[in-house]
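Everything on this sheet refers to the single structure shown next.
Think of it as A, B and C in the order they're written, each chain with its own count starting at 1.
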């Protein structure tokens, strides 16, 4: 890895927000968290606050250490040995997200479209573009997201406009009377805990061209994510109603089945957009996991780990226990997934923050040295390239 | 000299007796203007006033040659060589004249608005056509001779203060490395310069019109001309070039953007339409409107093959038709076209070999593909891939294929510049749809290293 | 290494193209179902009638009108099993995704629809778009297929087309899709309703030779009806004026015409705008509902003695219309309250929105207790906006200076 990939902040925003939007696109967990009624949109607005709180330690640290990647950050705060441990935790977390997302996608495809196709064929179809894109590196993934995610958001807007005719404002009334504040807050917390994409923002911030403040990027990500989420949640609530949508496995597809029913069905376009978005999400997590591994085991580059991770996911999807819908429902319910994300993102973030604050002065000095070292390295590389060019020309 | 040049009927080696000494005149009949040779070279030295000073006597400008090898190459180029007996060096006089095609309209790139001249086979004419568009001292033209047997003149044309230096050095390096007998056409050069013969994008554009070449040079690209062919190469060529035909800039904004929208739609149709059709028909019948479904079933009721086979068969047939239409002599052309169209369109459908909807889908897709002439390999391969993916895995396969395709596009680099480089904030004014010309302040950001402003301030 | 891995991946991809595609379905091998009728036979087994499209087996492409139909009867214990019954004589895969209408016989509807609904939502092919109807009376479902289908080819198409057209201009019919039905079922304060098909013998029946058509129809279908459900079981039907009241109260109004008597003669009004506002409150252990119906109408036929272009005439005609509508509304509400005890108007939902605290307490007994004993105050306010193209009634002379 001689040359660092370069991505713009817009690409990063779109990649992270788009990846975060794939959960509601698939099964909209917010409809089942307490209070599980027509106030789901209020729960979402409240959960944005919780998202800021949960992600705060990580983002603060990433902003302090901007210019250095997450592994350098861990090393400086915790020292070399302990940082390997935390990096492995992050890598395992990324693998967990990757495997869960993949199994969910395979099951949904099998349920909705290709009922007789065996899972391995669907898994192979998902993994081939994922591996191909993840091997190409961070720059390619970000640019890929730059093309695909705006298309998905455009599709969401178009469906919203087409579905306006079917929407009935009475479906979300009465507002806030059926839910207690405790239920609302619990639901908001559980929804906010599912937002694991802060990891993407932090890991990819190393590749940004301009080393400006990370807060702007983060805020834009949350903004795009909220817009997309509301574009999905509000039509579902207004057309189908929260009661029916709750029991459906894929509420947004249920919504798209109902609109424009006379002349053409937009369901197929919806599925196309959903699937491409899911592949991007999988690519991002695969990249993060392989990047972490490549930093822990320093001899091999990032590309080397992409294929083994994909194989692991593929093999795991064959375990009979994990193919049962009941087990899957357990994993994606509120009992397991949000707590794991909360533990890693908030828990580890707090630990790192505490260690940082304790050794603040020493670490700040080291940051400056590291940044200088990185700058020098980049300058040397650039000079070498220019020299080579002059020699040829 | 005679041994070196060989006994050819058109190589004339004359001895001219002057008042003082003998002179030798070497030229190639058919490449030099005999009248002018007689008038300006032979007559002065044969006159009785000749004082032995050859250089003053001839009426035309000349170059001096000091070595016999240079004589050979100059003679083969079409110059006339005059060697006066005891003169230390020979004179090479450029009195070239040969029969060539005049400047005509291009046959492959016709426009309704804009200049209608195209390149010819003579490289000097071509260079003059470009020079008339760019009357600036910054225009640099570098010559090379490539090919051991053909010694073809290849010219690199660029603007010194705007060109992308990385690309220029890469091209020069690659041209220097060419080790072959013959360069007959820019196509040969293209295949030597490109990074890999199996990549879908060579990054090298092709054109016959000098105004297009001039526009591309102004954006920091390098043009490569080759003697003997009217096709010029422009390097590098990015993916969205298929949208930017020169006429685009001569028309007004709204109409130009409308044509661009059509081209983008054509791209999507050409690649995705057969695949999506197959995916929906084979896997997701519930997503097709009911009336269309019933008509489709009625139309394909008696056909023996599944949809995939029909589509593949029709794709191949259409490519055959296209190639046959290009190559056949004009007299036979119309007859073959009628037969081909009738066979594919009408009779195959009535005979029940293929269904009418398949013919329509492939026709739309192929016609859309004809609008995009410089993306041939890309369209062909991806159309087939999408048909196969759609037939085996449905809409999901199409989705995976789209991600794969965009990943490949995004990660390809031509001559060090990413293929989709112009999708950044600064260049979006001209990438998909173009703004009015008045708003173009800067040259393409990624192509040009220095001298970004178009305007003189 | 790079090239080899690419080649390997390519071979893998190609291999699974060759091994066969599992979920493929050829349209030519599908029997497309356009209408289903659900019935219970004598042993309380499920019985289903399927109306399938068939295309004549012609090799060449002859245009137009090649569709025929087959009506297949199957019995079984569950739907998926029935559809794949080996006693069936259809040699193609059955495909129900383009189903247009679902019809339930009266016995079936009275038995309860919950099981059916579960299948309809859960199955990934059967979806929520078809319209649902109840076949009134003890009629043989096969008569449906022999009835006059208007200008459509198939029963499913006919019902679908009728729903599209009549929804907009007919006050006396209700068309509910499966999704509407399910949504209403899931609302705690509302009971579902469904459209009704009633088959009558056609008095104008002529033999094919006499009528000159290919097929004469002995029966015709009437779609004016509303089936009232309670907890997914059929409890009764509303007559046509009751349906109008249903449409008015649920703001489901079409551009319909209302004929009303004015002192013996008939006037006909066309609704330009209708709005129904229901305010609910809870007093002394009973639910009070104030129904305010405001209408803006256009008189299209005036056979009464009043001149609808004068203020006094307008007032009188309006008064007659208000009284007429008020009586109908009160009658219909009364019928629903006493006979059916099923809240089809959605008063419960409105009550939930307006008095959410009290709703939590009373929602469990809503239909039988509180709705059945609710007190309705109906107030109709119709305003004649436009009185048509002429002023005085036809036949009367206009006075000068007015």
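For this structure, a couple of remarks:
Here, a residue touches a chain if its C-beta (ideal position, glycine included) is under 8 Å from a C-beta of that chain, and two chains touch if they have at least 3 such contacts.
All figures in this text were calculated on a predicted structure; none of them were measured in a lab.
Nearest to the common centre of all protein CA atoms is the CA centroid of chain A. By number of C-beta pairs in contact, chains A-B lead all other pairings. With each centre defined as the average position of its C-alpha atoms, the distance from subunit A to subunit B rounds to 45 Å.
Here the CA centre of subunit B is 65 Å from the CA centre of subunit C. Counting partners per residue, subunit B has 283, 286, 393-394 as the residues that reach two or more other chains. Counting only residues that touch two or more partner chains, subunit A has 113-114, 117, 121, 128.
Chain contacts: subunit C has residues 16, 21, 23, 127 touching two or more partner chains.
Here subunit A touches subunit C in the complex through residues 111-118, 121, 124, 128, 170, 173-174, 177-178, 240-241, 243-244, 247-248, 254, 257-258, 261-262, going by the rule given at the top.
Residues 16-17, 21, 23-28, 30, 32, 53, 55-61, 66-67, 95, 97-98, 100, 125, 127 of subunit C touch subunit B in their complex. Against subunit C, the residues of subunit B that register as touching in their complex are 281-283, 285-286, 290, 293-294, 296-303, 306-307, 349-352, 356, 388, 391-394.
By the touch criterion given at the top, residues 165-166, 168-170, 172-173, 276, 280, 283-284, 286-289, 393-404, 406-407, 410-411, 418, 420, 423-425 of subunit B touch subunit A in their complex. Subunit C meets subunit A in the complex at residues 9, 12-13, 16, 21-23, 121, 124, 127-129, 164, 179, 182-183, 186-187, 349, 352-354, 356-357, 360.
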